[in-house]
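Shared between the two complexes below is chain A, which has chain B as its partner in the first and chain C in the second.
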Partner chain A sequence: MIHVTETGAVATITLRDCEPLSRHDIDFAMQLRDAVRDTADSNTIKAIVICASGPDFSPPSSPTDLLKAAEMFSGAMRHKWHAAYCAPSGLYQNLAYCKKVLLTAVQGRCAGAGSMLVLCSDFTVCASRSSFESPFATLPESSLVLAALTMRLNRAKSWMLGPQAWNSEQAVQAGLVNRAVDAALVSSQAQTMAQLAARMPLDGIAMTKLLAEAFLDTQGVGQDFDMAGFYCDSMAAALHARRSQQRGASA
Partner chain B sequence: MKAYGNPDSLRSAPGQVLFEKSANGIARITLNRPEKHNAMTVPMRARLMTLIHQCEEDDDVRVIVLSGNGKSFCSGNEINEDWGQRVPGQKRMTLTMANRYASDLNYGRQGFSQALTRCSKITVLQLHGYCAAAAYFMIATRSDLVVVTPNSKIGALEARFLGPAGAVSAVHINRILGTKAARRYGYTGAAMSGDDALRLGLAHSCVSDEALHSEVNTIAMHIASQPLPLLAYYKARIRAAESLFQTNVREISGLLFSHFLQADQDEAHFWTKVKESGVGGALIADKARLAAATKKVEAA
Partner chain C sequence: MTSQIRCEKNVQAHTGRIVINRVDMDNAFSIEMVKAMRDGFADFAQDDAIKAILICAEGEHLTCGFDLTQVEEIYKQAPGGSSKKVPSQRARLMAQDALWWGTDGLYKRILHSPKVTVLAAKGMCHEVGLYLSLCCDLVLAADTARFGNPRWSHLGVDGDISMLVAAVGLKRAKELMMFGLEWDAREAQTYGLVDEVINEVQLDAAALELATLCTQVMRDGIAAEKHVVFASLAKMQISTGFATAATVGAWASNIHFRPGEFNFLREVRNQGLDSALTAADTHFHP
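Now for the complex of A and B:
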């Protein structure tokens, strides 16, 4: 499900899409975590691109799958969920604090975990027709601190509370995405940006990422992940309430 | 991630970090390299981390007890070790390698000290004899409850020849001992006795060597008798408090840079002697060098 290729100092991690992450497929999360961690540990790799082979980088999960996931992270499986997604050695801290430059290449829709991958990456290139949904309505592990740092506080609130997904233009304006290009050029643009970043000496990247890590830490990114366990129960209640609301509306 | 180490240290690690789980919810992780005061190799630390994660996933485990066989709990990291970092023709470690050692194999998000700090099970440290260097700031200050004996010798004892590194700046140490005591013990490399550790707040209790095992057992059994959800709740509160204290902030850049930069004369002397006659020989030579220097000053 996850393929890793290397071209010079750039590694590319290709998934079908990020939907399994959104419905909390723990095995998938650990596979992606391992791919990122192992690639970042290489002495030859300087930049890592994450992209999807499917039409959408991260299509939304079904309400039923989300409810199943909510039962998991608010129940007996909470430890596994926390270890896979939020812990220092979990997926998102491996991405946000990656030792190498991390890029995301987004095609189509980007919801749930895909939006978290974008928030955790250093650069993002998207297609001009891409859309970005806030991850906060479905993922207790999503980081509002990271969103506020990326696009500033009130924009992060707007993204969280607003009724609609952002289009690529809004995402670029907010600072969530670096560049929106024609769909056919997303991959090559991401590779070009990765090659540019890979011009820096390896130890230069190590030093820069250490300093960036200190910055993110002092701003509370690690703390937000630590606190994710406290958001689970209210998230589960919210998903159940929304499901009841939808059933009421359809009846 | 790749398992770092050399063939010998990788092969030895399972026998050097023992694991035992009892029916009453107590898991024991015991360092078993007594001939080296349980100095931890890279593969030993990797095994510790694996065992901690294993305990976290096991609902039968309610409390983890850490201890060491032999004269001491642990003298710190094995510093005279080939963990796969040596590259033919390369004179010094690169920053990339130093970062891997300091962060991934020790103090960073992937390192075992974070696995211990943010462990979802209660941890109890049974501490006797030496608890020095990395054992002090990666285990003693990261465990939930620490039980010591009056004869314990705890601290950044390596500061005499390696510099205080994280012993002064570590968030945990400052939170636990207070800034003045953290600096005093960090800069001087003095050893804290068990009574000192109790007075300063590091230790939960201080008992005789003979009573240590039974004291730890009593504490562990009390914890293990609590319902699992209550223990999970306690640990969630501890994790949140530690997070608000920013104990996730990098605290060991000193060690990282000491692996990267040219060593000063004192440290260079130590490392030269380590290559010639091992850590024990270097410590003896260091003492002799300092004694000679002191004599020279007194004569002047």
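Now for the complex of A and C:
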């Protein structure tokens, strides 16, 4: 499901799409975490690109799948979910605190966990027709602190609470995405940016990422992920309520 | 005080003016200039007649950054810096702290000035120029202004990033940090680094007018507002960012280059500054 290739100092991690992450497929989350962590540990790799082979980087999950995923927020699975996604050893902190330069290359729709991957990466390239859904409505592990640091608080709240996904132009304007290019050029643009970052000395990259890590820590990014356990109960209740509302409307 | 930093007071207008004047070197900051600007800010801070301070520059550029020929000199002047061929770690740390990031460092003096600070940015606003933009309260930029820190792509980031991220956001800040880019005045304004872009011919007059306008606020009002800013800076952990910058800046003087990586200082030593700059441009922007 996850394919890793290396070209010079740049590694590319290709997945079909990020949708399994949105419905809390823990095995998939662990595979991606391990792929990023092992690649970042390599002494020859300086930059990592995450991309999808499917038409959408992260299509939205169905309401049924989301509801099923929310079952994880209670009982014994709650600990596994937290460990896999939110904890310092989990997926998102491994991405946000990655030792190497991390890029996301987004094609098509980007919802749920895909949007979290965008927030956790250093740089994002997207297709000019891509759209970005806020992850906050469905994922308690979403980090508003990271979103506010990326886009500033007013825009983060607008994305979080607004009814519609952002198009690529809005995402670039807000600072969520660095470049929006023609769909055919997303991959090459991401590779170009990765190669550019890889021109820095390895010691310089390590120093820069350490500085960024210290900054994220002082701003409370780690704490925000730790808090996800407190958000998940209300998230599960909201998903159930929405489901009941939809059933009532269709009846 | 060096003549390359002129500190002027206009007590009647309640303004102080710091003029960077090393035009033949693109206003590169020497150690003496850093100290002179730092002392100028300390002096203005103590003068109750001064309400606003304007930083501007003679010539085409605000500054191309720190004088590269003095990079090693920074550490030699610090305690323990000249005792060995390689400066001690304490010399590196103390120099970073004293010149830039510590209580008496230039950037902290500007950021914590009790007066309103206004910057007139033009041409190259690199490295020191970028930090002047981040530390001043108000930034007017000529349409010729270009902001960046090319050294970061050579060495890695060796300064504070908390101010930059607060101003422009995380992902944009990282473009400046890792790609060696420079932003023109319009981009800088769009991203939030600059308040207003104006024609270069009108820059100095407009900046002085803005500083003068700020002096119309009563002294207690300025002090109160600035202290609210200081409280916010504390909450934003900017001092933590500065402390980290001093530490990482000291490490940066000790990085190792692997085969194929571009060692700028070695190029300067072996080929001279101009040749090194050309080689750097070829390496990072082929």
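Keep in mind that, in the parts below, the second predicted complex is superposed on the first by the 251 of 251 C-alpha atoms of A that agree within 3 Å, B and C clash if a C-alpha of one lies under 4 Å from a C-alpha of the other, contacts with A are read in each partner's own complex, and residues count from 1 in each chain.
Basically, contacts are C-beta pairs under 8 Å (C-beta built on N, C-alpha and C of every residue); 3 or more make two chains touch, one makes a residue touch a chain.
Everything numeric here is computed off the predicted structure, so don't read it as measured data.
Once the two complexes are overlaid through chain A, chain B and chain C fit side by side, free of any clash as defined at the top of the document. Of the two partner chains, chain C is the only one that A:Leu196 touches; chain B does not reach it. Touch criterion met: A:Thr150 reaches chain C, while chain B stays clear of it.
Of the two partner chains, chain C is the only one that A:Ala212 touches; chain B does not reach it. Contacts of A:Tyr97 after superposition on the shared chain: chain B is touched, whereas chain C is not. The gap separating chain B from chain C in the superposed three-chain model is 7 Å, by closest C-alpha atoms. Residues common to the contacts of chain A with chain B and with chain C across the two structures: 202-203, 206-207, 210, 214, 218.
The residues of chain A lying in touch with chain B in their complex are 34, 37-38, 41, 43, 76, 78-80, 82-83, 87-89, 93-94, 97, 99, 202-203, 206-207, 210, 213-214, 217-218, 222-223, 226-227, 229-230. Against chain A, in their complex, chain B makes its touches with residues 1-2, 53, 56-57, 59, 94-96, 99-100, 103-104, 108-110, 114-115, 118, 120, 232, 236, 239-240, 242-244, 246, 248-250, 253, 256. Residues of chain A touching chain C in their complex: 101, 122-124, 146, 149-152, 175-178, 193, 196-197, 199-208, 210-212, 214-215, 218-219.
Contact residues of chain C toward chain A in the complex are 152-158, 161-162, 165, 168-172, 174-175, 177-180, 191-192, 237, 240-241, 244-245, 248, 251-252, 255-258, 261-263, 283-284.
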